[in-house]
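Chain lettering (A, B, C and D) follows the sequence in which the chains are written, and residue indices restart at 1 in each chain.
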Amino acid sequence: MAEQTDGFRVPDSMRAWVLGDPHELVFTEKPVPAPGHAEVLVRIDAIAVCATDLEVIAHGPPALIEGGLPFNKNFIPGHEYMGTIVRLGPDVDEFAIGERVAVEIHAGCGRCKRCRAGMYTACHNYGMNYGDRDKGHRANGYTTDGGFAEYAVNNVNTLVRVPDGVDDAEATLIVTAGTAVYGLDVLGGLIAGESLVVTGGGPIGLMAINVAKALGAAPIVLSDIEDNRLEIGRRLGADIALNPRAVNVVERVREISGGPGCDYVMECSGAPSALSDAMSMVSRGGRVCLAAFASQPVTFDAARLVMENIYLFGIRGEGRSAVRRAAALLGQGRIAPSLLHTHTFPLDEVPTAIRYAREKIDGAIKVVVGIREA
Amino acid sequence: MAEQTDGFRVPDSMRAWVLGDPHELVFTEKPVPAPGHAEVLVRIDAIAVCATDLEVIAHGPPALIEGGLPFNKNFIPGHEYMGTIVRLGPDVDEFAIGERVAVEIHAGCGRCKRCRAGMYTACHNYGMNYGDRDKGHRANGYTTDGGFAEYAVNNVNTLVRVPDGVDDAEATLIVTAGTAVYGLDVLGGLIAGESLVVTGGGPIGLMAINVAKALGAAPIVLSDIEDNRLEIGRRLGADIALNPRAVNVVERVREISGGPGCDYVMECSGAPSALSDAMSMVSRGGRVCLAAFASQPVTFDAARLVMENIYLFGIRGEGRSAVRRAAALLGQGRIAPSLLHTHTFPLDEVPTAIRYAREKIDGAIKVVVGIREA
Amino acid sequence: MAEQTDGFRVPDSMRAWVLGDPHELVFTEKPVPAPGHAEVLVRIDAIAVCATDLEVIAHGPPALIEGGLPFNKNFIPGHEYMGTIVRLGPDVDEFAIGERVAVEIHAGCGRCKRCRAGMYTACHNYGMNYGDRDKGHRANGYTTDGGFAEYAVNNVNTLVRVPDGVDDAEATLIVTAGTAVYGLDVLGGLIAGESLVVTGGGPIGLMAINVAKALGAAPIVLSDIEDNRLEIGRRLGADIALNPRAVNVVERVREISGGPGCDYVMECSGAPSALSDAMSMVSRGGRVCLAAFASQPVTFDAARLVMENIYLFGIRGEGRSAVRRAAALLGQGRIAPSLLHTHTFPLDEVPTAIRYAREKIDGAIKVVVGIREA
Amino acid sequence: MAEQTDGFRVPDSMRAWVLGDPHELVFTEKPVPAPGHAEVLVRIDAIAVCATDLEVIAHGPPALIEGGLPFNKNFIPGHEYMGTIVRLGPDVDEFAIGERVAVEIHAGCGRCKRCRAGMYTACHNYGMNYGDRDKGHRANGYTTDGGFAEYAVNNVNTLVRVPDGVDDAEATLIVTAGTAVYGLDVLGGLIAGESLVVTGGGPIGLMAINVAKALGAAPIVLSDIEDNRLEIGRRLGADIALNPRAVNVVERVREISGGPGCDYVMECSGAPSALSDAMSMVSRGGRVCLAAFASQPVTFDAARLVMENIYLFGIRGEGRSAVRRAAALLGQGRIAPSLLHTHTFPLDEVPTAIRYAREKIDGAIKVVVGIREA
């Protein structure tokens, strides 16, 4: 039976896409979950498709893969979602019913060494929320039910208010912008006046361009093999956009720098040669952030890392409150993630949405499932 | 004609080993150089052989190699030296004649972007002291005349007082200890109570063990394929010493950690598999420092770097005043670099000293050329 | 009725000292509490008296003072305690029954901005564990029941294993050492070879001397007006111990430094003039940590702070996992907090113990209530 | 006789304002200086009046004041200047003749402990460029001849290119913007989405508002007692502008924050109560930067600093390459220092310019002496 609170009627069950066999999604009914301590129930209004969703659908949640456990049927994938708070757990007063929120992926356990140091996306209890071992960690759509559904429970730590004037679809991209902010924070934080090369013009790379521009980096160079993405990159703030099929990017970057190379590289392509190229583009004492990775082992010239005193940062997720910062930049009109949004589908067409994202049909960059506004 | 100052008679010319053809050293006479602004003249009392000296002797100074310039005959290699100040340049009052000093390698130009940020070992004007382009950068034994000689000019920035009670041979190892300090500083600085694995028990690896012990890291694990080095590692502070020929080091480290892996890895072996192993030993959110490198490109699982939020630091030289810190630890009796010192030869036997170091004759670890005390 | 687990019999009720009227402690019986999620029950084996306990006994818990709430009768003060784990909350596997642990004060809420950044001692939900507002924050002996009793519930985040060979009384001082570690971490972390002045030789100041020595700071200067504390400071590692009644400390410190002043000052005296003196002792670009404070507003020359580019850090508690680090140093025999331990009393003599601590009777520095071993 | 190079004719002597008796400036002729190693000669095109110029004119250069030396007649004050490079010292190729540059104040000695760590504005050899002790430190208009003249020699480290489209008067304000950048860098660097209160709407405070807005801080609050400055602050980015004569700023800030207070305070007023107010406005775990100071000792509640874990940063000048970053933000049109520029006078009216600045005649904020364009 449904309860009525502050005008939001919450049903007992909801429609949801769950894992079936590998590579299969099944549209079904599941009970609407109840928020516990430090949690709220979010009515999901929109969700974007991320490349890593495809991994989960194909292979099961990562904790299961690593643990060699059986494929987790009945699990709801999807993590780039936003919605409206419709129920509050006990003691929650940080948010109010009716508020629109974007939801980041990771809620750390709060009790491991990394969480205690503020590194909640590197939680040592990742995935420890199966069976008997509930340590409090959550990774939406990875280890706990995600957002290809009508409702989801979320820890208050993962919620960020959607700024006024931002529509549902754009709000799903706040998390992607958050990953870009995290990478740029790790690289330097105050990057105004520093030069940056972003390799790879997918969603994270494009948002890195956009956030870097907002923070004053200059010059900003984007490299990608697709010209339409280079064009969007230019609109988002790239001062120079290079297609490696037409130009030697490493040489060009060194030339632009006047010789020594750039200050920072943010690698978002996952190309096997990307790390090697980064080593050759960044200047002595510079920094490289890896936000994407090849599916195969990567070969590179480690001697350069040592001889050039280069620091290389792998980033997982959106640490250091990066999503909150991304929302602030969006609220001030300084970033424009909606330029990435190319397609929208309703909830019952999730498989189509995923197909568009996977196959980049019709120039798809960010495909959104718009549950309320579609 | 020689000048007499404060009791130190300085001749006009000195004996010195200089580069001849590739792989060749020639014992010759050169003029004693005069210290300029911010410089002193050091009478070299002892110098240790470093593996990178062999590179310079074989291939010429690195700036020449990179620039494709001809082999630099008449250049004096050698950088791990100590001695006594015998002349002061104009305006120098930071040191006095007669003081014993250890000498670090790098004096930054003081005017590039990196130097201005305190990163003097990543100076963008490295090697810019040939021909017409004197930017003020110095790297003893790499780009400016080094220490296989009786005298050398040095920038005051590269000098650290030798603590009382430290003999000449031990003082040559302060620079090596400094590289270890720099690596551990980059990894965490305050490493007390953090777990550390050092891979490779050469001089830098062994000093990393010793410095880490002094700073309270625990547990400290050393891996090396030579049992005598493991034994020295134990004496220098390794809680656990592992020979990868006898034990699976990665598995053992994870076991010691209780599962997640260690906090830090400092890779000092240059083994081609070392980076891969480091990725597997370090815990999520942990840090890896590369202080050695393979001569060939390295293959590793970059996905782990990203998914585990690992930071990887290449270090060049002895940044962040690490040599001064190393000298302080030595002066307090907290590190014992003399355990690395295995052989001593006089100045006219430098080729023999180098052969012992290169071929590890008679268990050689650190071979010292003792000019005054040998 | 008592339950039996792993050999530890836990009664239903326990003896405890609770707040009565202001300035009054009452010895009474209270129910033994049960550990919840992420919590354990600790049988308290020993507890040290801290100066701030006197504040709580006189004025009530700080959250009540600030909120203007009535004096909180029946509250158990005391926070510097250690003991043995006798019960585990659900999901706790980080510790086992029977382990000896030291207990730090603060468990952050895990959900405010500061906790999410790892700053758990600056939790914005401090004190939010009264009445209806349970946000999960705990500060033992300040906002939740403390340690002048036989048992206490603690969050796993606040527990640190007592190293082998450390007795109960010494283990109570690990938290004090943790505050010293936190202060030195904030000042520089890697302080080897840096000069430090500690003003005030109370427990925190003396532990700062001891930890700084362990980490290689040099030279280390202590100033205090009591010669017996200076003597203990010397034994704990002070290179120079100065009594401001006999010598001008500021002048002496500048002299020792050769002119510019010292690198760091850690102020632990709470003397009204201490901040002014710190400004005059620290060198341009140096850092000052305030770990104690005067009860009255303090007057100082703020112009020096600006003109000399000085950073001043207030520290609350033992952030950045400092207690774990302190335990590691103690386990390695590098610090000797037992030198501070002057007196021991049994549980039923807590008022006497407090009187000794407050009035420094018989040279009291750290007074311990030894519940098991006294 | 004048030399001709690249079209710039440089005379042998120049007009300059020099110190006479205290409080007196004398217009005279001086020889045009020649650039040395790492230096260039700048033809000064414009210079702004700063409050600290008045101190130098009244009391002599600071190093003299501290040293108790006699008033330094014939010294040229003034440090907020820009101009055109007309001569290069030996080895200078970082800049070309004809380039327009803004000039920051401090060139560190490059050889003291602080400079080696990148803290060039906290150089320990400040002022060591008199008489026999030339350590290489320069502070334009403080310890070496400044900019109320036609030409000045400058170290390449102090030069920043003026972005295209920025006129001379606006370019003189890049240094002021640099101080704001340095303060915000020290406070957090990545301040997007963090709340900031700036107390004091003088030039540095107003630029702090403007830079903070450019970097995404929100909300930004300005307090000042003059309504016209509040109005300019609003135009530069303050979300809320408060006059303490009309509203209780501390209460209002806590209210805006929803209770805990703001993240950062940048104090730019020098009001005696400002530090106390900052302690009450900033939230637990927050940070305060002092960029101005009262002429008298300041009284504040140091207990709050400790209990609330507040960090307080004094900043001198424009460290961490802040001027270069400020120029980048200006070049991208993200800051608008020209809003501060209220008056312009020619070189022969410097005393009038100074009077306008000192007495805030006609609402003067930044008074510029426009040597070429006035």
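The working rule: a contact is a pair of C-beta atoms (placed from the backbone, for glycine too) under 8 Å apart; a residue touches a chain by one contact, two chains touch by 3 or more.
Everything numeric in this text was worked out from a predicted model, so none of it was measured.
K.L.:
Count of steps on the shortest touching-chain route from subunit B to subunit D?
P.N.:
Graph distance in the chain contact network comes out at 1.
K.L.:
For the sequence-identical pair subunit A and subunit D, determine the rotation angle of the Cα superposition and round it to the nearest 5 degrees.
P.N.:
180
K.L.:
Using mean CA coordinates as chain centres, what's the gap between subunit A and subunit B in Å?
P.N.:
Roughly 42 Å separates the two chain centres.
K.L.:
Tell me, which residues of subunit A touch at least two other chains?
P.N.:
Residues 117, 119, 321.
K.L.:
Write out the stretch or stretches of subunit C touching subunit D in their complex.
P.N.:
Answer in residue numbers: 114, 117, 119, 121-124, 126, 186, 260, 275-276, 283-285, 290-295, 297-317, 319.
K.L.:
Using the touch definition up top, name the residues of subunit C that touch subunit A in the complex.
P.N.:
Interface residues on subunit C, with respect to subunit A: 37-38, 91, 93-94, 110-111, 113, 115-120, 132-136, 155-157, 320-321.
K.L.:
Report the residues of subunit C in contact with subunit B in the complex, numbered from low to high.
P.N.:
181, 184-185, 188-190, 192-193, 214-216, 218, 321, 324-325, 327-329, 331-332, 334
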